[in-house]
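Each of the next two complexes has chain A plus one other chain: chain B in the first, chain C in the second.
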Partner chain A sequence: MNNNLKNKNFLLRLLGDPKYQFISIPIFAIICSLIVSAIIILIVGQNPLTAYKGLMQGAGILAKDKYASFQGQPTDFMETLDKMTPMLFAALAVAIALRAGLFNIGVSGQMLIAGFVATITIGYSRQMSPFLAKPLVALIGMIIGALAGGLIGFFKIKFNINEVVSSIMLNYIYQYVFSYFINTKYIDPVTRQSRNIGANARLTLMQMEIGSYKMRIPIFFLVAIIVAIILYFFMNRTSQGLEISSIGFNSDAAQYAGIDVNRRLLHVMLISGALAGLAGVTYYLGYQPSILPKSLSSIGFDSIAVSLLGNNNPIGIIFSSFLITVIDRGATYMRSAAGVEQEIAALMSGIILLFSAMGVYMRQKFAALLGKNRMRG
Partner chain B sequence: MLNNIIIDGLSFALPLLIIAIGGIYSERSGITNLALEGLLGFGAFCGGLFMAFLSSSFTAAQVPVYLSLIVAALGGALYASLFAVLCVVFKANQVISGVVINILSVALTGFLTRQINQNFFNQPSDKFQIGVFPRVSVPFLKDIPVLGGFFSNFYVFEVIILLLLAITWYLLYKTRFGMHLRACGDNPQSVDAAGIEVNQVRFKAVLISGALSGIGGMCFAYSISANFSPTVYMGAGFLAIAALIFGNWRIMPTFVACLIFGFARSAGNEIGKAMKLSSSFFDLTMTLPYVLTLLLLIFFSDTNKAPRALGEIYDKGKR
Partner chain C sequence: MTEEYDYIIEFKNITKKFPGVIANNDVSLSIRQGEIFALLGENGAGKSTLMSILFGMYEPDQGEIWLRGEKVKINSPNQATELSIGMVHQHFKLVENFTITENIVLGIEPQKSVLGLPIVDIKGTDQKIKDLSHKYGLDVNPTDLIEDINVSTRQRVEILKMLYREAEILIFDEPTAMLTPQEIEFLLEIIKNLQADGKTIILISHKLDEIKQVADRCAVLRHGELIDILDVKTTSTQTMANLMVGKQISLSLDKEKNDPGKTVLEVDNLVIENELGIEIVHDVSFVIRTGEIFSLAGVSGNGQMEIADAIAGLIPVKSGKIKFEQTEITDFSVRDRTELGISYIPEDRQRFGLILEMPLSTNLALKSYYKEPFSRNHILQDRVFLDYSDQLINKFDIRSGQGSATIVRSMSGGNQQKAIIAREIDLDSKLLIFVQPTRGLDIGAIQAVRERMIAERDKGKAILLVSLELDEIMSCSDRIGVIYNGKLQRVSDADLISREEIGEAMMGVANNEQ
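Moving on to the complex of A and B:
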C-alpha cells in the first residue's frame, strides 16, 4: 500500500516537476497515443504489437525476418535517416520563425523553389566535379530559400501583409510556375517528373557498398544535426536569439525595449527560409532525384507539427523528426508484415500530435497535482 | 466564354465564401482558425458517407442531396468540437492545434474511408460516390446579355450559400450573440466583466465555423467531382483564410475577395482555353488568382487589422 503510493508519487513527480517536464511530458503524450492507436488497431482486428514491430522493422530499427541480397537492417536505417534529413531542416525552419511569433506555413514552397533552382543550375551539369557540385547545391538552396523566406518577411514589414496569406499565395504560385517549366523543359516523359539529376550533384550517395551492404549515405544528415545544435545555442544563448524570443512573447514590449523589431523579423525569415532551402535540396536533390510537378511535398506541413512535438526546441526536434519519420517510413512494411492498412501510420502520427498539442495543459495540470500532493505531505 | 467565367467563378467563389465565413466566426471570437482545411474535409467525409449509405439502400431521389449538406454541417461541427476542446478547454496553442486538426483530418478520413469501403461495400477504394448536385437556370433572366451568366446553370447549393450569407451576416452584426462574439475577439475581459462566459461563446463560434466549413467542403466535393476522395483537401481552407484576412475579418469585404478569387480563377482557365494553349501553359494562367491577390494585398493591406485578442488564450487573471 505504502509502496504503491510511493510509486504514484514518483510518476507524478516525473510528470509534474518542471525540471523533467521538457522530456517527461512528450514521452507521456507518445505513450498515450501509442495506447490509443493500439486500441484502434485492435478494433480493426489486428494485433497492435505485430503492427508496431512491423513499423520498427520497416524503418530499420529492428531486423526484418529476411532481406534481399546486399540489403539489411542498416540499409533500411540509412534510408530512414535520409528521409529524416529534410524533415529536420524543415522543422528547424518552422521553429525559429515560431520563436519570433511568425508562422512560416510556406516552408514547402521555399523547399520547392530552392530545389528547382538547384536542380536546373547544378543538378543537370553532369561534368562538374562532385566535390564542387554538392556544396554548390547546398549553397544555392540556402540562398534561394533565404530569398524566398525573406520575401515573406519583406511583405510583412513593408506592406503589413500577414505572413500566412503571403506564404499560401506564394506556395501556389511556385507550384504552378515551376510545374510549367518542368513540363515544358525538364520533363522525363516516362516518370512524368523532372529528369533525374546527376549523381555528382545528389546530396545522397546511392548504393554505397559498406561491408556486405549497399546503402544510401545522406551526406547532410550530420550537417542537419550540427545546425540543430548551433540553432539551439543561437536561440537560447545569444542576445540576437533572445531578442527574437522577446519579439515572439510581445512585439510591442520588444519594440519599447529598443529592439528593431522589423529588422529582426526580416532576419528570422531569412534564416527560416535558408533552412527551408536546405530542406528543399536534401529532399529534391537527395532523398529523391527529381521533382514531381504541380505538387508540394507534405514535409512542409508535417514539419510544423514535428516542430511542435519537439517543443519548438532544436534538440527536441531532432528526436521528434526521427519519430515521425520512423512511423512514416515503416508504414509500407507494416502493411505487408502485419496486414494493417498503411493509413494507420498517418493516423498514429496525427494522434501523437494531438496529444502533444495538449502538452501545455498537461504540464500545468500535473504541476498543480504535484503541488497539491506536496502540500498534503 | 463570359458565361463560363461567371458560372465557374461563382461555383468556386461561393463554397469558398461559406468556409471563409466560418473562419470569420472563429477568428472574430478570438480563436485563430487554421483548421478550416481539416474541418471542411471532415464535413465532406460525413456527407459523403451519408450519401454512400443512402445510395446503397435507396434509389437516388433528389432529397438526400440536400440532406447531405446538413450531415456535412453536423460532421464539420462535430469535428470542430475537437478543435474547440483543444484550444478552449485545454488552452493549447491555436495555430498548432489548427495544424494538428488538419493533419489528423486527412489521416482519419483516409483511414475511415478505406475501412468502411472494405467492410460495408466490399471494395478497396478511397472514394465515396456522392452523385451529382442539381444545376438550374432561371428562365428569361438567363438570356440577358453579359449578366445572364449569373442566372444560368448554377448549382442549387449556391443559392443556399447566399441564404446562409444573409443569415450569418445578420447573426454576426445584428444580434446580441454576434456582438458578444465580436467582443470576445477584441476585448474578452470586458465580455467577462459583463457576466458572459468567454469560453462558452468561443466554443460556439468554433462549432459554427465547423458547420459552415463542412457545408463548403461538401459543395466542393460536389463541384470538383461526383465523389468524396482525398482530392477535397486541395487547399481551399487555406485560400479561405487568405480571403478572410484580405477581407479584413469582415463578411462583405470577404465576399468580394472570394468573388475576385473565383472569377480570376475561371478567367485564367478560359483565357487558356480560348488561346488554344498547350495544357502545360495552363499552369501559368492558374497562377492568376494568387498573383492578383498578392498584388491587391500590397496595395490594400496597410489598414489591415486583426481582432485585437486573436490567438490569445483567455485568462481570467490577466488584465
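Moving on to the complex of A and C:
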C-alpha cells in the first residue's frame, strides 16, 4: 500500500512538476492516444501491434518484408522526411505567432500564395540553372509568405481586426483566386492540377541513385532543422524573443515596460508568414510538383496541433512533426500489411492531436494534484 | 435559534504547504455563530490560504474542518456554496457587460416557461434583488451594467451574490483595500447590518482601525502560525500591530523638511480624453522639483490615474505639454521616457507592473533587459539576470518560494509590489511616479514603502504620488494638489492645508468660492 502510494507519487511528480512537464505531458498524451487507437483497432477486429508495425514499416522506420527494385527502407524514410519538411516549417510558423499570443490559422493560405507565385515565376522557367532556380524559389516563397503574414499583422495593428478572422477570410480569397488562374492558365488537362514544375526548380531531388537505391532527397530538410534550432534560440535566448513572449503573456505589461507592441506584432507576423511561405514552396514545389486547385493543404491546419504537441517549442516541434508525418506516411502500407483501413491512421493523428490540445489542461490538473498550484496568502 | 454545536466553524490543526513555504502550520480556530471574526496578519501570513481552504479552493495537507458540529470535506467552491459559505474575493469576479441581476443569478438562473420553453426570468428577479439590496442597505440598481458602476458598487454586487445564494457564513478578503474613506464607512455599516441579521462574518484585513471598529474577536497569524486570538474590545491597536509583525513597530513616519531644487517635471494645460472621446482631464498644470513629493489627492475616478499614465506615455494626450528637464516629451515613447529618467509604479500591479507567468528575475529586469549587460548583441545573459535579481531580492527584502526563479504569480501581493518598487527605484530615475503604492499591503510593508519614498526624496528625486488614502497623502507629501472631476482644484504646501480642506476640495468645493 505504502509502496503503491510511492509509485503513484513518482508518476505524479513526473507529470505534475512544471520542471518536467515540457516533456512528460506530450509523452503522456501520445501514450494515451496509442492506447485509445489500439482499442479502436481492436474493435474493428484487427491486431493493433501489427497495425503499428505496418505504420512504422510504411514510413521507413522498420524494414518491410520485401521491396521493389531500387526501393528499400531508406527510400521510404527519405520520403517521410520529404513530407515532414513542410510540416515542420508550418508548425514553426504557428509556434512563433502563438508565442506572441497570435493565432495564425492562415498558414494554409500563406503556403498557397507562396507556392503559387513561386510556381509561375520560377517553376516554369525550365532553362534556368538549378543552382539559381532553387534558391530563388525559396527566397520568393519566404518573401511572398512574409508579405501575406504581414498583411494579417497590418490589419491587426491598424484596424484592430482579429487575426483569426482576417486569416480565415484571406484563406478563401487565396484559394479561389489562385484556382481561377490555375484553371484558366496553368492547368494540366490530364491531372486537373497545375502543370508540373521543372526539375530544375523543384526543392526535392527525385530518383537520386544512392548505392542500390533510387530515392528522393529533400534539400530543405536540413534547412528546416537548422531554422528550428535558430528559432529556438531566437525565441528563448534573445531580447527580441523575450519581448515576443512578454507580449504573448501580457501585452499591457509589455507596453508599460516600453516595448513597441505593434511593431513587434508586425515582425512576428512577417516571420510567421515567411516560415509558412517556406512550408508552401517545400510542399508545392518539393514534396509534390503541382498545385491542386480549389483546395488548401491540410498541413496548414495540422501544423497548429503539431505545434501544440511540441509545446510551441521549436525543438519539440521537430519531434512532433516527425511523429505526425510518420503516421500519415505509413498509413497506406498499414492497410496492405495489417488490413487496417488507412483512415485509421488519420484517426490516430486526430486522437494524438486531440490529446495534445488537452495538454494545457493536463498540465494544470496534474500540477494541482501535486499541490503546485498558485499560492495565496 | 438553538444550536447543538458550540462553534459554527472549527479549523482543527490545519497545515498547508506550498513549494518553499508553509502557508498554514497547525492552525486551530473556532468561530461562533453570528460574530464578526477578523483574521489579521502581514502579507503572506496565510490568511487567504486558510480562507481558500474553507471555501474549497485548496485541500489542506493535514487537519480537519468542522461545520455546524460535523466534520466536512470541502472540495470546491460550489460545495462551499451549498454549505452556505460565501466569499468576496479581493479581485472581483464579475462579467463586465452583464447587468447586476444577471451577474447575481449567473449559475442559478431562475426560469419561467414561455410557450413551453424555459426562459431565464431576469425581470422578475430584478425586484427580488432590489428588495434584498434594501434589506441590508446595499443600495444598487439591478439593471445597471457592471462596466458602468464603480468599485464600491461592484463589491456590493459580490455581497448580494452571496446573499442571493443564502450564504450564512460570509468571508471578506481585504474588502476595503480599494475603497475610499467614505465607501469604507459604508461597507463597515453593511457588515454590521449583516451581523445583526444573524450572519457569521470572517474579515481578512490588516487595517487595524477597521478591525477595531467592527470585529468581535481577532486571530493574529504570522508566517503561517496562529499567534493569538484576541478580544478586540479590550486590545489596543498597538498591541495588535506588534503581535502581527512580531516586533515593536512605530506607526508614525519620520520626515524632515525638504529642500526642493530645480524643476524636473512640468505639466502644462494637460487635456486627456478617454476611448469614448470624453474629456476626463481638463487643463491641468503643475510642476515637480527635485527633492519633493507632490501628491494628487482625490476620490477614485477623477482623472488622477490618467495623468500618471499620460506622464509615463501609456496613453495619448489631447492637448497640453509635458516637459521633463526642459525637454518636451509629450510625444515620446514609453521607452524613451524611461531612458530619460521616469520610473512608474502603476496602480494595477498585476495588469501592468508584472508579467505574472515569468520568473522574478525577468520581471526585475523588465525595463533593462535589452541593455548591456543584460543583453549583449541582443543575446540574453542569464547570469546577469540572476545576479541582478539576487541583489535586488536582498536589498529590498523580496520574499518568494524559490528566489529568482519563482514564477511571480505564486508570490503574495505585497512581495509582488516590493518587486515592482525595487525595479523602478533601482533604475535610478530622476522622476518616480507612485500610484497607490501601498494598496493591499500590510502595516509593516506600508511603512517600508513610505520610508523608501521619503528616502528617495531626500536623495534629490522628484516624486509624484497618486493615492486615494488621505492618510498617505498627509503623511508623505511636501505639496498637495487636489483633483476633482478632472480639474486641479487646489495646489498647496502640505503644511498649509488641513485634512478638512483637502476633503472639501476632493468633493468639489472650490477654494476661491468659499
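A few notes on this one:
Operating definition for what follows: the second predicted complex is superposed on the first by the 347 of 377 C-alpha atoms of A that agree within 3 Å, B and C clash if a C-alpha of one lies under 4 Å from a C-alpha of the other, contacts with A are read in each partner's own complex, and residues count from 1 in each chain.
By our rule, contacts are C-beta pairs under 8 Å (C-beta built on N, C-alpha and C of every residue); 3 or more make two chains touch, one makes a residue touch a chain.
Quantities reported herein were computed from a predicted structural model and do not represent experimental measurements.
When the two complexes are overlaid on their common chain A, residue A:238 makes contact with chain C while staying clear of chain B.
Judged by the touch definition given at the top, the superposed model places A:160 against chain B, while chain C stays out of reach.
In the superposed three-chain model, the partner touching more residues of chain A is B, compared with the other of chain B and chain C.
Contacts of A:253 after superposition on the shared chain: chain C is touched, whereas chain B is not.
Of the two partner chains placed by the overlay, only chain B lies in contact with A:353; chain C stays clear of it. Partner chain B is touched in their complex by these residues of chain A: 44, 103, 105, 155, 159-162, 164-166, 168-170, 172-173, 176-177, 179-180, 183-184, 293-294, 301-302, 304-305, 308, 341, 343-344, 346-347, 349-351, 353-354, 357-361. Interface residues of chain C, counted against chain A in their complex, comprise 17-19, 21, 23, 43-49, 52, 58-59, 61, 224, 312, 314, 333-335, 338, 344, 346, 351-358, 362, 366-367, 369-370, 374-375, 378-380, 401, 409-412. Touching chain C in their complex are the following residues of chain A: 237-243, 245-246, 249-250, 252-260, 371-377. Chain B meets chain A in the complex at residues 34, 86, 90-93, 95-97, 99-100, 102-104, 106-108, 110-111, 114-115, 235, 238-239, 241-242, 245-246, 278, 280-281, 283-284, 286-287, 290-291, 293-294, 297-298, 301-302, 304, 306.
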